[in-house]
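The same chain A turns up in both complexes below, where it pairs with chain B and then with chain C.
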Partner chain A sequence: MSNTKYIIGSFADPDDLMHGIEKLQANNISIYDCYTPMPIHGIEAKLGVRPSRLPIAAFCFGALGATLGFSLLYYTMAYDWPMNIGGKPSLPLPNFVPVTFECTILLCALGMVATFFFRNHLFPGRAPRVMDLRATDDRFILAVDARENTDHALVDRLLKEAGAVEVKYNERKYVSYE
Partner chain B sequence: MSSHNESILREPLVTGKDITYAQITDDILLPVENKPNKAWWIGFIVAACGAMLWVISVGYTFWTGIGAWGLNKTVGWAWDITDFVWWVGIGHAGTLISAVLLLFRQNWRNSINRSAEAMTIFAVICAATYVVAHMGRPWLAYWIFPLPNQFGSLWVNFNSPLVWDAFAISTYFTVSLVFWYCGLLPDIASVRDRATGLRRRIYSILSFGWNGSVKTWQRFEIVSLILAGISTPLVLSVHTIVSFDFATSVIPGWHTTIFPPYFVAGAIFSGFAMVQTLLLILRKVLNFEHYITMFHIESMNKIIMVTGSIVGIAYLTELFIAWYSGSEYEMYAFANRVAGPYAWAYWSMMTCNVISPQLFWFKKIRTSIPISWVLSIVVNIGMWFERFVIIVTSLHRDYLPSSWAMFYPTWTDVGIFVGSIGLFFVLFLLFLRFLPGIAIAEVKLLLKSASLQHKTKLVQEGAFPEEQVEFFRESLDKYDSVTQEDINALRKK
Partner chain C sequence: MGTHNHHHDYNFSEQYTFAGTAKVVSLVAVVLGVATIAYGLSTGDTTRTFANLLLMGYYFACVCAAGAFFIALQMVTQSGWSVGMLRIPQAMASVLPIAAIVLFVIAAAGLNTHTLYHHWADPELLDTNSPKYDPIIAGKSAFLNVPAFLIRQILFMGSYSIFAFIIAKLSYKEDLEGGLNSYKRSFKLSAIFLVIFGFTTPIWSFDTIMSLEAHWFSTMFGWYNFAAMWVSGIAAIVVILVLLKKAGYMAWVNENHLHDLGKLMFGFSIFWTYVWFAQFMLIWYSNIPEETVYFYKRWEPEYKPWFWLSIVINFLAPLLILVDRDAKRKQNIMLFVAILLLCGHWLDYYIMVMPGTVEADRHFGLIEIGTAIGFAGLFTFLVMNKISKHALVPKHHPFLDESLNHQI
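For the complex of A and B:
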């Protein structure tokens, strides 16, 4: 058949996109992914994307930060070189709260964001993998793998019925790099 | 949620007719994709002169030591710490807008959070320079961190609020930067996909390869929510710890338990005033009137009024507790503030911070752009005086009358302060030139729920009872970006 790799349904309205997802799913056509200029609420549930586990990572990094922060304070102030400051205790727990707290927040934030970048392969210099250049502007893109779903005419018709303003047949997966 | 219909009673957050998703991208990227206009250049040149003054003053301070400042042995902290606290406080509004308002689902934050967060970052940079400069030997600034060293590993004193402050400010700066940059990724990708050549390559690197897939957006939203959740206690802790710099000492006028909440309220107060100062100009110069509307301006004025009142109560509480404590020294410190040689500073503070924001009770004043702008500057001046009053008047007459002294700033003190404002504006103007000043993706979320255009459509379809529509029409009177024609269109067809 043709060299088409992906069929791209380009919608001008997020509600039409959701409608398109329903139509394709009703006809057992698998959806590769959607690319949108803004988050669409409820789309994950529709596509069966599982909830993110980043909150767990955030908690673990926060707990690690708290442990490391407190360990630093304990090691420096009470273990390695306890100082006699006006006869006050060398393990003054209330005084340890601010630094422990800041370490918790810092590690939680950095760890969570690093996990996010790692899992989504986001890093400076990564070549953008974009199927339609208007997906970051005003188009809501629905991509269908053309090799898995061979009835291209049906996909085309369903997308247009749902309100797609344009249906493209991409021979390359990503249009963003030459 | 894109098709979620909001109550008609809520004022629109995006005005204008025929606004599309493409229109939003075009409008917001206009200053980024085109050569800057004359207003930008004039602003930039003036700011750059200020920044030069800052470089000269800070350079002179580093060369000669902090003897270049007007400090004496009685007043050991003056303009430097005043300016430091002033800048840190200003920074707090950015985090408040981006984090606290996100947690409370206040959608009006969507079009102001980006520039407010940028303001936070630049304000904290300005603040941090004072701390480093005040160390006297800035090349040893890293001594504040617990690094193993050749003195047999003599650690820093973790009982000291100054060490806590170093941790708090650096954490605050890092987390704010990460929060801001994560939010920027989708918008940088928008610039990238419209650009060509070298610009495209640069924005491509900056965009980290963002593609806007379902999973990316899902994780992005979770990251934003959790960052907001942890930034909220963080921002409270930062100014609390800044207040500990004073409150944990035994100086009358500083040693009070009211300081943490009082400082946090003051920080939000001054921060919102600075956001107001910047946004009122920005919306005019960059034609963002449809995105930063009168509703945003009025909301911010209300916050200024509330926090200004909290600050006012704190001032009065301080006076009452000074009297009620029965402590002779405490009473003297406050009597000296009110009627001593620095009474002019105290009463400037009282006028600017307590009396002037009360004018915002009047709707006419709250929705007047020129008055809001002037009052926002007045608040900024007042908040500078607040820190000056707290720091200098508490120190200049200490326990030993023979060492009482006055503080007189030198040209270096003034140069560093005026220069830091220049530095701030250089950074802010560069930000507006190269990065989207409004969060594009977040404003797009409002188009099909909170925009005037969407609400007009629903009204024309007859989705709301007439008395609610009437209320809505009346609420549009204050908008400068809504024409009579727009209001007339709000009829059932």
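For the complex of A and C:
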């Protein structure tokens, strides 16, 4: 038993990568993940990636923003110090719409960015970890979990048949930019 | 790069046959409409009939103009996703000249019979010796007088029609000749058209609709009308597209394209609300009598339920139904929302037109429904007839491949 954790297939062409995914799937080899320097149409559907749950976070942050914005308006304008402005009621709902709306958008946007950073382990000062350095440059990376798929020779052969220019046996999951 | 280039064998010469039920129903609707108008005029409901004619004539012209705007916008932004369905807005644009003539005849006849635009189109209002003298209207008469009104109608709708017709024609020519000449020419024409259209549609709506209540004015009115036009235009495209797909045509248009149309419909419904609300809130808050008169009339008991219903249909319904990604990708949901929005913007125009024409003598009955059905039939007949004359896809369009591989 080797110490290989992940087998990395490095492709120079996205078509070959897609071909590689098909080949591995046809042989019942589970794919850990793919890393590409640009978006590839249809790759999520092919890998069976579940839709992002970011919209749920967006909704929650938006609802929070609306509540906070409206509460601030209500407290200052209608509860703490009601004022007669232009003969309007002290709780003029139409006037509260723009501010409430803006607070919704603000918290929704900031919250989505924060969620995205948190989920992807990205924040200032942290060196990003990637499975292959060239995945952000010119290579299309297909990673296979070597512990789950024990027939390494088969994986190697299939990746090369599909057009992988390089197959690596990584003993560590991530390489770092550090 | 052909990552996702599944090999398809589409028949790009496929043509729609306009016959059978679709043709019969649209012609019956036209006959019904004509009968309703004849009934309305003969029973003495002249003002009400003309108000409905103006409403539907304007709606008809707006939806066709939105078709022209759609193709020009796709051309100028060099969009590829929409190429597969471009023949639908092109057909709408080709019908614009007819819609323009219809609206012009209605407006001119309304002026002539004093049933429309009576708030300003009366020489006595300008006569200082007359008891009816109105200094506000007299002050606006340099802009708002009958010859200038008619000339502007001809200039605006005439220029839209010419551009719409030529841009659509160039695409039909491209089918026969191929090459990039048609594309390059229509790119230039589209850019010029968008500039003209953008600057003149607000004035066109000031003239056609806002001047019905000539004492009142709102600088937001033009954009408000543009938003209504654009949403209803996209909704009309969706209805035609889904019905064509259900009839087995246009296999190359899939849920990805529908999703994009859904986003446009969703987004511009919210834009409509934004403009509507901006106009409403500023007037409500500043509370100046000469401005609030517009909403005062629409908050009288005879209009108030319609006023709020319009917000529910045109804002809440698309917001809640289309916010989900999957909803925008389902034909039946999109068809339902598109039809709902078409009805909703009829109601929107109804609220704009009626208080300035029939005033408090508001009705909703045979004449409203009959006229709407008549114009819907006319629109369906003319547009589907136009669609049936050409292949259902511009097969030599330079971005056709992008549209076929579109995925979101």
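Observations on the model:
By our rule, the second predicted complex is superposed on the first by the 170 of 178 C-alpha atoms of A that agree within 3 Å, B and C clash if a C-alpha of one lies under 4 Å from a C-alpha of the other, contacts with A are read in each partner's own complex, and residues count from 1 in each chain.
Keep this in mind: a residue touches a chain if its C-beta (ideal position, glycine included) is under 8 Å from a C-beta of that chain, and two chains touch if they have at least 3 such contacts.
In this text, all values refer to a predicted model and were calculated from it rather than measured experimentally.
Applying the stated clash criterion after superposition on chain A shows that chain B and chain C collide. Contacts of A:N95 after superposition: both chain B and chain C are touched.
In the superposed pair of complexes, A:P14 makes contact with chain B and with chain C alike. When the two structures are aligned on the shared chain, A:H41 is found in touch with chain B and with chain C. Ranking chain B and chain C by residues of chain A touched puts B first.
Within the superposed three-chain model, A:F61 lies out of touch with both chain B and chain C [touch as defined at top].
By the touch criterion stated above, A:I105 is placed in contact with chain B alone, chain C being left untouched. With both structures placed on the common chain, the touch criterion links A:G87 to chain C but leaves chain B unconnected. Legend: residue contacts after superposition of the two complexes on their common chain; A:Y6 is shown touching neither chain B nor chain C. According to the touch criterion, the shared surface of chain A, contacted by chain B in one complex and chain C in the other, consists of residues 14-15, 40-42, 51, 55, 88, 92, 95, 98.
Taken together, the chain B residues at the contact with chain A in this complex read 1-3, 20-22, 25, 146, 152-159, 161, 163-164, 167-168, 171, 174-175, 178-179, 182, 185-186, 189-190, 192-194, 204-223, 226-227, 230-231, 233-234, 237, 241, 244, 440-442, 444-445, 448. On chain A, the positions that touch chain B within their shared complex are 12-15, 33-44, 47, 49, 51-52, 54-55, 58, 62, 72-73, 76-77, 80-81, 83, 85, 88, 92, 95-96, 98-99, 101-103, 105-106, 108-110, 112-113, 116-117, 119-130, 133-138, 176. Within the complex, the chain C residues that touch chain A are 1-4, 277, 280-281, 284-287, 325, 405, 407. In the complex of the two chains, the chain A residues touching chain C come out as 14-15, 18, 40-42, 51, 55, 86-88, 92, 94-95, 97-98.
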